[in-house]
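Across the two complexes that follow, chain A remains constant while its partner is chain B and subsequently chain C.
What follows is the complex of A and B.
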């Protein structure tokens, strides 16, 4: 906590927030047309804070994260918007400048730890790489730092495991190694994409505890991408609910849980008990819309139990709900209990 | 790892043994060499005598054991047409073939790998387009035809390079080496490209970029090390292809190598040469395969540490 205070005091940028994403849009120009995977998303993140991004599969969570890092794979492109990190717009940086941000100021733990570690390199090498790129560490210092990192994510007998290859590690250990890679250069922001889907219940709980401890030690700000409202409740200060490439509701976790205002958020919360078994959000009737052909009105309207004529015609304005920071994009917010 | 190598080596020896039997049988089935050695008007006794001399009257297994014992002591028999030890003939010709295939192999990797990587990294670009066109063309044209076309262009029309022979340095090597390498270059390029494309889509390549790794290192360190594995396996096939191709290409370019030796021997039913060369090629291939397997194991930690 004290560390967080210090960081706020010594912050070197002039903007309000550590991270400020403004109207970010990422489109995929596929053979079938334009897929608007992320379509005008705005949010912010402060130092040491934890933000959840929840939504169904395909709602654009991972693409939002990749957009922030400017790593959207072709045929995807950032078509609009700004990403301010410490007051600096990342979308304006050169490739070389951007490489200095990645891994050093903003890092990410990818969705699937089974495939996100390189099978050809020992785990120690993979942790060492960012340290040598960004901090220029070499030799013995580097080696010690790598072991420290593996210890920080509580890999047992870390010294002995440095030379292990990914296929020699269990799922949980791979997940932790991926965490060690992400945290190694003490980034300001660490994005965790589906931090626990690959893990069983107890290991999942341990891993989340671990991330909390890492946050306390380092003061890193987290963005948790997940399907699971349970993880949001446990880990996050604020939450963005994404649906079909847009944020439909956002706010402090307590406000959103007590007072969910978008019908999609409500249905997500209804799914909660079942979700503990790490299930996809299939319990909401119907399918999310195809990003190539979003409906022109509210994108949730076709699945919304209480949709009116206007919902099918115009996209709803964002309404401020309880508290200033709690927003919902719905024509009839909060009327759905 | 060492257990793996021992296991693979034992495999190689067994394969070699089986191949030697097959070679021996096929040569025996392909025709009676005595008929070629004995003049048509010679009496039947001469024929019988020749059979005895070559010990072709013994049981086939005995013939095999005799032959094998000789082979293992370096005695590959005597050419029936040239009256010289086969070993001498092969040793005389082998350097030429080795030189040719080694250059062709180097040429294949030095051109096929970088272009394949580049084409994958710049997918849809001009070079990718050219490379893919070349891959289709290169794999569709037989190498004797390519050889003749090269001779016409570079030797006859432009006069830059000699059309045939070996005496006189590297100039003489270029056309036959390119001809042999033509098809494998196309294959390596195509395989490298598709293997790289797959790897470049992987999560671990994405993670390398998330870490801030330079794009050239993403390509050559993170992606290529994994993408090279299938190409390495393919390079064992390339060696077979080149050795096989050398028979035709050496003939087209009058290259005094083992390939041409064996082709002449086939025409003359000179079976000691044929069986020795086929056995040599097989040994060559099996050894190459073994080396590829070991390199593969070395590069692939899943095998190295098991």
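What follows is the complex of A and C.
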């Protein structure tokens, strides 16, 4: 799968990508055995682009992100693969070099605004942390920069809000402050791990708009980790669909949405509520497989309505679908509806 | 907290009801009154008496030399066993002979001991020892305990295992026994008392702080600090430490009382502050033999211990309530 994917990638992209993840595998060595949370994932990201990673809980989305930052918590380990950021392999860097990458080139926003801010410090100080680590700013310049950042995330009366503590802010404001921390050092890549899950619908839309504006202003590339196909459609240029630690389908958002080729993607899209549909919401039968004991063939086969004998035996090769960049890992991609 | 809120709400409701029933506008409105009452209640939450007592004890400790009426170590056998000022001399018959016991005088307000040393002066100087011992012990124990606790909780794994086994070992020894052995091997001294007590208390603090640090490091802001490129040291100092601080403050204030008792017990047993230094425990033990005739020698330092410990416990409870995470945002 991965080989073919790499080949097509090098064909369709002439220059080096901003971020190039190759065959990344993160295993967790637990008492029950080895959990293959991320198992040979390859994708790339260009400057100013937005990439969505969708999948169910436990499909390895977040671990992929942590793997890229080399922050996988023990007993997890990156067992194989490379992560090239601007041509530099992050997996070979020392801890000290890696710290210089984090925050400055790659940053992150997490799901829960309640816990992603330190309750003991004013938000201004927290936005300042990354700036003082990486840019060595102090005093007045630092404060001005912090206020600029808070303004960028549309915090009203930013000068007055700098000294506010997290508990004095609303959920939306907190998440925006977290965003300000994420982009404070103008990273090349901002990973958003379900950034809107904890916000209510109106604030969600507002926050996504804000992220788009920030992208326009700074040219940052986004990786959206989400299980919400709606957010992907709204925000992303390309999408990777992950299932059981592997990417099962990837491609430009429009292609994938119009012409979903992997049965899992199709099922996911069918699970979306639609206004015009009156029938019951669909769901995918069964549970995602246990990462300790993945099925030997296609990992979706046990839940796949179209699974054949071959699906249970061998993992499918990646097939190129519409265009050059739309790939699906399925024995019978797209030929059923 | 629940109670307070409930009460305020009740007051407000009453106030509103009153303002509805009264047609004429009132000056000031009942609502203002209700708010004023709630403010008053808030002020009352600060424990004024314990604060004052602690302030007084610290004052005594600092100015013991000026405040105390006599030299606490100077004996004067002519004044031996003078009772407190309100006790009058009485006639007792010993072996067929009538004797008049000495009467109390304002010169020795709380009486004297067998050697004629002034009890009040000894208690005042004892305050200094109690404050110094608990201050030093908590400074040392908290510093060591917090450092090791944060390291242990944050890193986990081997450092955690090593530090926590050390804690277990230190807590496994009966502290009094260790203190006695220690005082046999080394001369009892002020320094040794502090070492012995600290050796016990750091372990308690370390264990609590570790538990707290474990919970804090799971929080997203620690992950985000790591994403932002912060080093382990920076995360521990800037993100873990400030958040364990409330817990540390509570443990420390609640421990002051027990440290005072611990020191007094050691001194009482003769393995703490060496006599003739007037530690409260020493004074209590000196009065033990005369308990039936000269009760004042042991009673008054005993009361000093009770007051000091009670005060610190009240204060500790208040600090704990104030810093309770549920109340933090109010």
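Criterion: the second predicted complex is superposed on the first by the 313 of 337 C-alpha atoms of A that agree within 3 Å, B and C clash if a C-alpha of one lies under 4 Å from a C-alpha of the other, contacts with A are read in each partner's own complex, and residues count from 1 in each chain.
The criterion applied here is as follows: a residue touches a chain if its C-beta (ideal position, glycine included) is under 8 Å from a C-beta of that chain, and two chains touch if they have at least 3 such contacts.
Computed from a predicted structure; not experimentally measured.
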With both structures lined up on chain A, is it a clash or a fit for chain B and chain C? clash
Go through the superposed model and pick first if A:50 touches only chain B, second if only chain C, both, or neither. neither
Look at A:64 in the shared chain and tell me whether it touches chain B only, chain C only, both, or neither; answer first, second, both or neither. neither
Examine A:226 and indicate which partner it touches, taking first as chain B and second as chain C; both and neither are also allowed. neither
Touch test for A:196: chain B only (first), chain C only (second), both, or neither? neither
Considering only touches as defined above, state whether A:175 meets chain B (first), chain C (second), both or neither. neither
Clash-wise, after the superposition, say which stretch of chain C runs into chain B: 21-29, 39-47 or 57-65. 39-47
Starting from the residues of chain A touching chain B, keep only those that also touch chain C in the other complex, and list them. 69, 71, 99-104, 107-108, 110-112, 115-121, 129-130, 133-134, 167, 178, 181
Which part of chain C faces chain A closely enough to touch in the complex? 157, 219-221, 223-231, 234, 238-239, 242-243, 245, 328-329
Which bits of chain A are touching chain C when the two form their complex? 69, 71, 74, 99-104, 106-108, 110-112, 115-121, 126, 129-130, 133-134, 167, 178, 181-182
Sort out for me which residues of chain B touch chain A in the complex. 201-204, 206-215, 222, 225-226, 299-302, 305
Please output the residues of chain A touching chain B within their complex, sorted ascending. 69, 71, 73, 95, 99-104, 107-108, 110-112, 115-122, 129-130, 133-134, 165, 167-168, 178, 181
